[in-house]
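To start, the structure under review is shown below, and the notes come after it.
The letters A, B, C, D and E name the chains in turn, as written, and every chain counts its residues from 1.
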Amino acid sequence: SMTGCSSKSDTNSGSNSDSGTASGTSDETFVIGGIGPLTGDAASYGISVKQGAEIAVKEINEAGGVKVGDKTMQLELKFEDDQATADKAVTAYNTLMDGGMNVLLGCVTTGSCLAVVDLAKEDNILMLTPSGSAAEITKNDNVFRLCFTDPLQGETMAEHMITDLHYKNIAVIYKNSDEYSTGVYEAFAAKVAELGGTITTAEAFADGEDFNTQLTSIKGTDAEAIFAPIYYNDAAHVVTQAADLSITLPFFGSDGWDGILDTVTDKATVEGATFLSPFFSGEETAADFVANYENAYNTTPDQFAADGYDGVYVFKSALEQAKTTESADLISAMTQIKVDGLTGTGISFSATGEPQKAAKFIKIENGEYAAAK
Amino acid sequence: MKNRQTDKQLIKNIAITIIIFIIVESLLYGGLLSRQFRSLLIPVCINVILAVSLNLTTGFLGELTLGHAGFMSVGAYTGALVTLNMNLPMAIEFPVALFAGGIAAAIFGVIIGVPVLRLRGDYLAIVTLAFGEIIKSIINSMKITNGAMGLSGIELHANYKHFAYVFALTVITIFAIKNMVYSRQGRAVCAIRDNYIAAEAVGISVSRFKVMAFVVAAFFAGIAGVIYSHNVGTLKPTTFDYNKSIEILVIVVLGGMGSIRGSVIAAIILTVLPELLRSADEFRMLLYAIVLIVMMIFNSSQIKQRILSSEILSRLRRVKKEA
Amino acid sequence: MALLEVKNLGISFGGLRAVDDFNISIEKGCLYGLIGPNGAGKTTVFNMLTGVYLPTDGSIILDGNNVVGKNPAQICQSGIARTFQNIRLFGKMSVLDNVKVALHNEYSYSLGSGILHLNKYKKTETAMNERALEILKVFDMNEQAHILSSNLPYGKQRKLEIARALATNPKLLLLDEPAAGMNPNETAELMDTISLIRDKFDITILLIEHDMKLVSGICEQLTVLNFGMVLTTGTPEAVLNDPEVVTAYLGE
Amino acid sequence: MLQNILEQVINGLRSGSIYALIALGYTMVYGIAKMINFAHGDIIMVGAYALYVGLAIFHLPAVGAVLLSIAICTILGVGIERIAYKPLRSAQPLAVLITAIGVSFLLQSLSLLIFGATPIPQASIVGFDGIKIGGISISGITIVTLIVTTICMASLTWFINKTKLGSAMRAVSEDKGAAELMGIDVNKTISLTFAIGSALAAIAGILYVCQYQSLKPTLGAMPGIKAFVAAVLGGIGSVPGAMLGGIILGLIESLSKAYISTELSDAIVFGILVLVLLIKPSGLLGKIRKEKV
Amino acid sequence: MAMLQVTDLEVSYGMIQAIKGISFDVKQGEVIALIGANGAGKTTILHTVTGLLKSKSGKIEFEGKDITKLAGNKIVSLGMAHVPEGRRVFADLSVLENLRLGAYTRKDKQEIEDTLQMIYKRFPRLEERKSQLAGTLSGGEQQMLAMGRALMSHPKIILMDEPSMGLSPIFVSEIFDIIKEISAGGTTVLVVEQNAKKALSIANRAYVLETGKIVLNGAAKELLENDSVKKAYLGE
């Protein structure tokens, strides 16, 4: 069903398309708003979410739309740039409200999420963040989250490394200007201490691509493994430079590591690294999505793209469950749905807004992603 | 004779201010303003305050400053911590926050004043940039500011619902800086810009007035920071990096160095422009860049001179005079 | 006791001894000339007198106080004002404001009253305006008070510099080549103005000039500098007829 | 411990040599055109992408890709100057600064549109593996960068101070009108300055990619700022100063991260910069230019 | 035919018209003086002739070639040198570098070296200070440098803007001797001077400028005797 992109469905999937009525036999359009960085340093995350969501919207519309009660609705995605800043997120949000947004897929970054959660509450809009991982984001009952929280990731990884793999001494490298990285690191450190392990050194960085100093420092400790709760673009520099410095310690990462294989020049540098992710592009279930995505955008989808894609399907489920487009009904429908997505099968949501899905440990073996035992 | 003229000017300015206020308020309460534009009201005011205050150091004192966002962040965090910890009615805690934010930023203005005395030109520019980054880095690693996670849940004492207050603060800033520029102290500052050797030679203490300009500018940047934190409700150290400082500098230069009215107009244009370009989608930043370049070139080009001195304009002026 | 007493003043730039063992004594109310060949060190003497350069040795006593080591602003406040060989106006400010900047220390009010436009501000500003216009009037420039100073023709710019220096209410006024770039008529006019301000403002003037008409016309006392050292001192008649001065400086 | 210190020093050299190379271009353009070319970092980015295009898309040999990159950047630099900076020759210097910022945004958004935001991996073209002394290894790219930077620095110094074109450049930087009266073609001279500066940016971009092996549209922003800081630290306008400033900046960064705090390293680096400038207000090798009164 | 022919020249600064339609000519080998009060427009004329300013209308021809629209550096390389008002030496360059830049358009190394020696002979102070930065020279020394730099190009015509300004009396006479020498060496001279008496005494012809217009012209000797010139410019 994915072959032959008709121009009609193109307009549907494009953001900001102002064609009021969509193709097919739908009576109405349901507007999904999206907010994330499309320009600036964090652009890759927002663009991925947007593109993943576009694929989902296109799929759904081409398959006839969403059945909401006795109506069939077409989806429309309007995605606004916030440059990962709080104040721009607020204007982006208001722009979307002007544009008739029904539900919000966003924001992509934590700071932006925090800036709009109360506005969304005031408007009683269902908000689903694909990737905002700070715990406070879901404090309001209209907000749900698709990714894992920072604490959850940190704790899960600590348990995996200490309880399952019996490491005692672990070095950490994290980005202290980033709330995600810091959040995971802090939970990790607390859990490691609780489980009797030691953090030999926690090396921070703010920006830039040079990690030699931090890695040299780590080399000087008796760490048995390195935990790096950072995004794949930074991680690629870390593993490459570690190989240069002949560091052979195993690497462990957070879900931000997804996509790393396409970012390193030498796959050997990441061999044996393990990270936590709900999704990896090598999975069989993701094959269709990956093919469509590569076809449309010429790159391999990462976890953000998968989050964006799943987010749209979560909304579809909620619409079908609620049988109306009323926000209140959609919000209460959220806790009743189960969605099979790329980032997990049978994803459901607790009343606190958190996703119930299994975390997967992914290990890089022979230059490929593989499910770790 | 001159006094009467300035009085007239003053009345005219006040009248314009009141008219603008009434128009905005009625648009706001009449529901005529889209939500997008509603959410721009406060950022516009913030940028006006920032630009007008930066104009004091960059336009009037003539020193390139790349760390204005640093002062803003000091004010933003101080103000936010005040309201987060006070839990008193807005009428009490918000003024306290404003005052505390302004003063805290002004103190940093004094600290930065020390290198200002020894350095000039690009060396000073780098040092102000460095100060901004140092402030950011320290805020990022402090417990009380919650590090990289930043602060959230700051009460929205300065969002669009409180436009009247923010507008008043903006107007006060504009008048204060304008009056300062036309005072004895402001003249000293301008004299230093035009020729510091001659300024010294007529008995102006160059160091004193350089520091004074930095302190006053920092104070108002701090106020802008407090408004920022109480408009958005969240704070992150990275918001106030040197890109923010440059954004303000762009406004000042585009508006014309040493022109307060220019700063106000440019702040409005450059805040609204990126929003108007939203429909351009992924070409937005590209267009913004092009518009910026074209505006800068136009601004200092012969074409503008020609338009300004053109027949049409002078004829218009003549007509106006005759009427 | 003389108003200005300079003893053994000297300065070096790298290996170059620009001024050496310079001595001068100027009585109150005197119109004193400093002349000498190009590069003799005249401007350098002015720079040391006004704190722009710190002398390597020597003392500068103004009215009983040593001013060596003070910064230019402090020296101005102790009573020495100057003009510059290459004009230094506040180019983006009006003629009036150029003078008002110089009135800064005499007429004062706080930053607060300036920002709030309190009564004190209004009163002081009015007084400043009056005083500034009064000074400009002496130079016949009160009509041009509101023009941008950089738009003035050259001759007027020189005059404005003198007016600005006068506004600091100095005891000693230093003029560095005030007649440079002026034609004979303009120079004659300038001579009148200089004499006039000496009398009207009751000050002492030390000037550098290469125009011998001006020097012999108004100076009462002259010092000739050559290669950084004093060649001779005396009345214009005596000095200008000194054969050494003629060979080193005047020619013919 | 000693070994560790040495290793950290080498880490400092590694990033410092790149800063130094970028700072050379900054200082060159600043020294002559008297403008802080904020788009310099983005020309580096273009140079890096050009290398990638040459290698991965046109499958050129390494030398060809390098030449392509240098050619593209040189043309781009001269073009930017002609279109965006030249109309502002007589405007105040800050106006040009803002236009440069606009050009920087422009280049970034263009490359975002063309190449996307996802980082593109690009392997190093430096085949040389580096040397090992005792237990300490110095990577090939560090050595190559240091050598290239030194050569660029030396030839630039020679060119500016000893050749006729070089003194024409310095004349233009001081007084364009007077330079014209000497028969110097001011426009050509400024174009030449931008050509050299941009070629240096291309070289920096190439070595940057070889060092960090990854491309993204904003890759020039941070090194650009750091190099600007380095150029000022060394004394802006001074070519040897730029090199010295870059290397010292790299060393300070590395050592403060290693032995003081990684969390506060930015604050420390900038703090040291402020201190240095307070002690020596014109940078390490900058001339103190006192205006003659 | 005139070497330099200026016809109906008009020049404006923005809205201010500084030169209001003037014509004059300079013939091969002549010394021409241009005199006028402050702000009359003398500097503006020289700047326009050497291309630093663009004219609003009018025509400038040099050796029969129309140079009105030509870039400044091209005009200079045709053999025109300009000693600008305010000296405009390159402050951060040494005296020697300044002088060498004067010969920028010349190729022959040996000839350049000869000219340099000739200039050192004329201005010994410059040789003494050849490695000093020009910006730290005294006012008069800078004036010598500006003159020497212009002569380094071995020009066919030299334009001088107030060459005696700021010079000591002995040197003022010397400067005028040098101008005579230059002229005797075959170089044409156009000189702007406040010191009208001296200028007229060495010039062949002169033009008197008032607020952007030529009000008087003729043989220098005659102008020296002219009553209105005497009154306005000679201070008699």
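The criterion applied here is as follows: contacts are C-beta pairs under 8 Å (C-beta built on N, C-alpha and C of every residue); 3 or more make two chains touch, one makes a residue touch a chain.
Keep in mind it's a predicted model, so treat the numbers as computed, not measured.
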Most widely separated chain from subunit B, with each centre as the mean of CA atoms: E
Label of the chain whose CA centroid is most distant from the centroid of subunit C: A
Whole-Å separation of chain centres (CA-atom averages), subunit B against subunit E: 49
Distance between the centres, which are taken as Cα means, of subunit B and subunit A, whole angstrom: 37
Length of the line joining the C-alpha centres of subunit D and subunit E, rounded to whole Å: 43
Cα-centroid distance, subunit A relative to subunit C, in whole angstrom: 73
Residue list for subunit D, restricted to those that touch at least two other chains: 108-109, 112, 263, 265-266, 291, 293
In subunit C, residues with contacts to at least two other chains: 43, 52, 84
Of all residues in subunit E, the ones touching two or more other chains: 136
Touch list for subunit B against partner subunit D, complex: 58, 64, 114-115, 118-120, 122-123, 125-127, 129-131, 133-134, 136-138, 140-141, 197, 242, 246, 249-250, 253-254, 257, 282-283, 285-286, 288-290, 292-293, 296-297, 299-301
Of all residues in subunit D, those that touch subunit E in their complex: 164, 167-168, 170-171, 174-175, 177-186, 287, 289, 291-292
Subunit E residues touching subunit D - in the complex, by the definition given at the top: 50-52, 71-73, 76-77, 81-82, 84, 88-93, 97, 100-102, 104-105, 135-136, 149, 153
Subunit A - residues contacting subunit D, complex: 39-41, 43-44, 47-48, 176, 203-210, 212-214, 216-217, 219-220, 232-233, 236-237, 240, 244, 246, 259, 262-266, 297-299, 302
Partner subunit E, residues of subunit C touching it in the complex: 13, 35-40, 43, 85-86, 153-156, 177, 180-188, 210, 212-213, 248-252
